[in-house]
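Listed next: structures, encoded as structure tokens.
Here come two complexes built around subunit A, the first alongside subunit B, the second alongside subunit C.
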Partner chain A sequence: MTRQEQTFFNEMLTGSDVRAAYESLQRWQADMPSELRTLKQHEAEELFRRVGITFAVYGEGGDPERLIPFDMFPRVFTADEWRKLDRGIRQRAAALNAFIADVYDRREIIKAGRIPEHLVTRNEAFEKAVVGMRPPRNVWSHIVGIDLVRTGRDQFYVLEDNCRTPSGVSYMLQNREIMMRMFPQLFHENRIAPVDGYASALKRTLASVAPQKCDGEPNVVILTPGQFNSAYYEHSFLADLMGVDLVEGQDLFVEGDFVWMKTTEGPRKVDVIYRRIDDAFLDPLCFRPDSMLGVPGLMNVYRSGGVAICSAPGAGVADDKAVYTFVPEMVRFYLGEAPILENVPTWQCAKADDCKYVQENLSELVVKEVHGSGGYGMLVGPKADKAQIEAFRAKIAERPENYIAQPTLALSTVPTFVDEGVAPRHVDLRPYCLVGEKIELVPGGLTRVALKEGSLVVNSSQGGGVKDTWVLAE
Partner chain B sequence: MLSRTASHLYWMARYIERAETTARLMQVGARNALMPDIGGGYRNDWEAILQASGTLEVFRDKYGETRQRNLETFLFFDQDNPASVMSCMAQARENARVVRTGLTSQTWDAMNSSFQDLKRMHRTERSKLSLQDLAEWTSNACALIRGSIASTQLRNDGYHFMGLGFTLERADNTARLLDVKYYVLLPSLTYIGSGLDQTQWVTLLRSMSAHRAFHWTYKGEITASRIAHFLILNSQFPRSLLTAVQGTCEHLDHLARGYRQTSRAQSAARALYGELAEAQVEDIFDEGLHEFLARFMRQNAGIAGIVQDTYLIGEPA
Partner chain C sequence: MRLSVRHVTRYVFEAPVKRLIQSHRLWPSEHGGQRILSWQVDTGAANAGAGFRDGAGDWTQTVSMKGPVTEFAITVSGVVETEDLSGVLRGYREQVPASAYLTSTRATAPTVELRTLAADALDGLDGASTLDRAHALARAVRDAIAYAGGRTEPATTAAEALEGGQGVCQDQTHVLIALAHIADIPARYVTGYLFATEDSVGAEASHAWAELFVGGLGWVGFDAANGCCPDARYIRLGSGFDASDGAPIRGVVEGAATETLEVSVAVTQGGQQQVQQ
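This part shows the complex of A and B:
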């Protein structure tokens, strides 16, 4: 055994025995000749390319349409494991929504002294423009992506919450499609809960938050920044699965009390906008005046209840890394329940004591920017050299409130196909929880895997890949 | 249907049609280059071909001399040439990518796989690709895409916007090809040309994949009047102006019926169709072939403009 297998929790093994959930996969990979494996790997890539599942990287030269590496070895959760995650995820999504609704309304949680006021009101994602608003069903974040990591048999941590427009769900769906197409026998041998209900659940969720002024079947659209956005494939894929129009800002206009889309038969009213653009770009009259992506006047219509925007503008106030620390508190405060999912212990550099500890232990910690994403602007202490550490020390000293730090987590591993055969690689998980009239969660999510040996960074922009994620049926 | 979606479908079709026209031109040019060099021979012909696709200037700036190797690269791969097969297919594919939701998976697959092929060919050493292969590849790829559209797309408004893209572009391309060659047909109606003229006429027919069809349709001699009739007024030939305009009328009628709203584009297209249906070749030559074609292209572009205003811009009516 390598050092790695001893130190990190390997999801396939108990001691040195293969767990029941992985037995058939273990046989499957052991019986697969390496030529067949290569062949299948090529087939998978070809399928991804043909379907056009790419993410776009512009401005770096080379092919702007890249594939995210797909690893064929699935990751498995048993029904028991999933049951706990399922409850925890729903609970967290409910609490986050209650929090957002509260901070734009009576701010009970601040009055109760459970979260410092400045974290809310001085948060860059706090939208003054929506204070006092009450969106349909008082739901603010309709698609909550909760990033989870595992460090032991029963130990999961939430790494971060995504309350705005979490992406990647198209990979969850396509990874499954491709596995079913390439390895149907695995699906006969295992009882794997389907994920393909996601699109109809998403549509149901969006339709359920149509504004009161909408009578009849709501007209739902997806608003994309356009074909050059890296997630454009996902936008068009979801529009296609739901059977709704994929619109850009230029396709919409405001007239009277409503938002309209330009069609070949003239204007048609829009009731629900699932936007995949940031708040700042939604409405040049309200936010960034230079935005070409948005719709002038949209916010006025939104405020007067003429259209629903999902996620609601301002929802981002709940998902920055400083507010993150308080999510378990939100669960207790709003739901009166004990939090099922744990946070990673986090030091806030804004607090003098925490900051001192962080500065003294930089080589042990992971330091992140409060507003950063995508694995950029981040220090992984144990992997960093002296110069990088000193650079971060200076940055933290300069703007302590901009940083948080967490212990380096021993992320679990899942067997992964590598050049030499199969080897453990670190993974995380992003499930997509839908919040509308009901809270819905399909059994599964996106497993991202760090393909480089020993790497803990799973972001696709930094050499990460994806896996199909199985939840075994009861 | 979202106006922008309709617009992407329409332009996708136009670019596919255009790619095919360019491939045809390549074939013709290469064939001419094999012909004996009578009176200035092939060089002029390549220039005429570049003129037909409106890219002579771009070519001269970039390559100077009309060498065949350069021409192949320019017409097939060069992304600086907006009419190259590569540029047109990339545009078609980009339009398709944006509106994937409006395409069946077969159509998208045909479009996307063709483009992936093309990228692979682009990386292949040029000397391993013959011009004939490149041109044939293009007609095959376009046939595959058209076939997928014809056999799998719903006959909804999107289908008819694609149809309009094909017919409007085809009418324009045929007229343009004919116009470049009009001087060959010009001298007089009864004029039976020299050997060179014959060759040029045959070339013109070939460029429309119509050489054999012509002989099936018209017995006897190739004459200016028969060629003009075939390419302009023949209702059986799929690339004639008449057939193309007829197609435009049909697609517009379908749209108007589906939307329960007649359009100005319909009346304009019908007027043009009516004129062509009744025209005699003699009338065309009386007006002057070049003048006639210029007027036709203007009218055809006029219809395209109304389609744009009525359906593709989506301003509130």
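This part shows the complex of A and C:
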């Protein structure tokens, strides 16, 4: 099937009929005079600029001062659609956590032959320093970002899992905030599940994993690399919403069995650290000795039970693209359940047969680096020219284990404002699942949209924008 | 053999530092080849805490000291009863899977030259046991890197040491780890003490050697500097991927400082078992 013949699932329309969930939005956009639309678009941009939310999502790099385009046309899920996603996401988050706990403990899944040992222990995200560790409640990934795409009415695929510190949730919250401010009547006409419970759910989750040595109300902080980090806005936004301190490494120090925060009233013990810095930079006495961002001695306190770190160091072992293939297996192995969400079929170039297939079908496939992110270092076969394909062929031949390939997915479309009016554009979805004492999921997530006609790449660094994501109440 | 150790590390700062913090792995663990009769780590007025045994079996602990600090000393002393097990680490409790030690670091990253050295060393040993192959690699390191102080630096990599053809036990150990990885044998960096005899080398300060994982036997020590496997003269302290990861002392100070480091190690035979209060 060539790309031209491919049909894409349109989330608003069946043929020319508007689905019930989109009826009021269809009227809303049809009744909106174009001057008003332009005005509102400017107003939205102004609001985003004023709150200072300009960073690139998902650590994609790019110009941190650039505003990510906001598309005012919301994306809608019905209560029915969301129910299945909700169950699938929670299931996956639980299985991923069980996997991480297992690989740093008894490694049962490896012993059972369900995943090759080298994919785990030779994974660059595998941290020897936490082997044998049991963090509070045995939770390792406290905020799981699961990237989903839709290809049909009931067809959802997981593109990737993010078990470390998935970013972008501030967009989910601000997109809603701004839509409610600009179009309050839409929120009267539709029964839209709120997302503003996210901050309190996050705080509850973080507090629930305070270490045993903590007595009383846990002191939770967010550890940021600092204001030059592209996601700094999100760090300070979440700290504000949760009412917790935003700190940098230099604001904390280790003394005895605990981590302390410098305050004007003297040192205050820290119990839970929601860190937004990578493992390698957390503690120069354990990881990179040249790190200036971390807290010297932090890992010893962590390992001896004096502080909780969210996500747990080493959690990344579950979210690389080679391990991804085995997540459905994790669901079966740890939960004894059938996976609710499907993986995208994936060819591992590390396997000779897979590699051969990939090399023979490069023009049809999407090829990704195992450790890559942000849509860089990626080949979209059907969109690539001959030279690009040949360049990738050589790269794969040189380091096959560094690449995986997937079919080009027919990503669903959602109506989107374009110069000529409204047109379908491809989207994905990142919900944020919270794992602590309980597993909690706010109904919604971040929808990214490929604004260029025909484009399947939703990354903001490659012309992607964001949308408000609605889940309709029952 | 009963060995007594006295290991003093002294930091003198030209200008006082605001604060000092270190992570210590200075406690030997018991295993078939060593029994700890007494062991003390004295850090004076420093504040110790956050102690735990890590997955590799090493006791780890933090010490910190509020400034102004102009001088800081760590005195390690103890008595250990050792036994010659031909380098085999027997009865040792650890949780890190051996395959995790196939991971290379900056210091042990393979290069074409290291691959060539490994291939030459293993020439004709295709069907040989892992133990024989490990011995061959250790011999190759001894032949390729002559023991010489002052020719390399703490940051010297295995590749650089091989190019220079000279180095200290740290360099020889890094090269052996790199060769083992190339041969698909898990390998790690081990720190400890060596009771020096007339012909032994590398024991002026703390010693270092490699452990290679041999199926059936487990971890086996190889001291390329001395062309042997650790015996009753060796006390094993701790391990890591490389010298930096396995360092018994890792620390930082607040406030830029020029520091002078003095290290003295004395390992003697015999010694009274000290009674700890």
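By definition in this document, the second predicted complex is superposed on the first by the 459 of 474 C-alpha atoms of A that agree within 3 Å, B and C clash if a C-alpha of one lies under 4 Å from a C-alpha of the other, contacts with A are read in each partner's own complex, and residues count from 1 in each chain.
The definition used in the following text is that a residue touches a chain if its C-beta (ideal position, glycine included) is under 8 Å from a C-beta of that chain, and two chains touch if they have at least 3 such contacts.
Here the structure is a predicted model, which is why all the values come from computation and not from measurement.
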Would you mind checking whether subunit B and subunit C clash or fit side by side on subunit A after the superposition?
-> fit
Does subunit B (first) or subunit C (second) touch A:118, or do both, or does neither?
-> second
Give one of first, second, both or neither to describe whether A:284 is in contact with subunit B, with subunit C, with both, or with none.
-> second
Is A:50 in contact with subunit B, with subunit C, with both, or with neither (first, second, both, neither)?
-> first
Considering only the touch criterion stated at the top, classify A:227 as touching first (subunit B), second (subunit C), both, or neither.
-> first
Please work out whether A:247 is in contact with subunit B alone, subunit C alone, both, or neither, and reply first, second, both or neither.
-> first
Which partner, subunit B or subunit C, touches the larger number of subunit A residues?
-> C
Does the superposition put A:236 against subunit B (first), subunit C (second), both, or neither?
-> first
Touching partner for A:262 - first (subunit B), second (subunit C), both, neither | first
Nearest CA pair across subunit B and subunit C in the overlay: distance in Å?
-> 8
Common interface positions of subunit A, toward subunit B and toward subunit C | 253, 255
Per the touch rule above, subunit A residues touching subunit C in the complex are 104-105, 107, 117-118, 121-122, 124, 126, 128-133, 253-258, 284-286, 289, 296-297, 299-301, 303-306
Once bound in the complex, which stretches of subunit A touch subunit B?
-> 49-52, 227, 232, 236-237, 239-240, 245-248, 250-251, 253, 255, 260-267
Which of the residues in subunit C end up touching subunit A in this complex?
-> 19, 21-23, 47-52, 54-56, 60-62, 64, 95-97, 99-100, 102-103, 241, 244, 250-252
Per the touch rule above, subunit B residues touching subunit A in the complex are 1-6, 94, 97-101, 105, 108-109, 112-113, 116, 157, 161, 255, 259, 261, 311-317
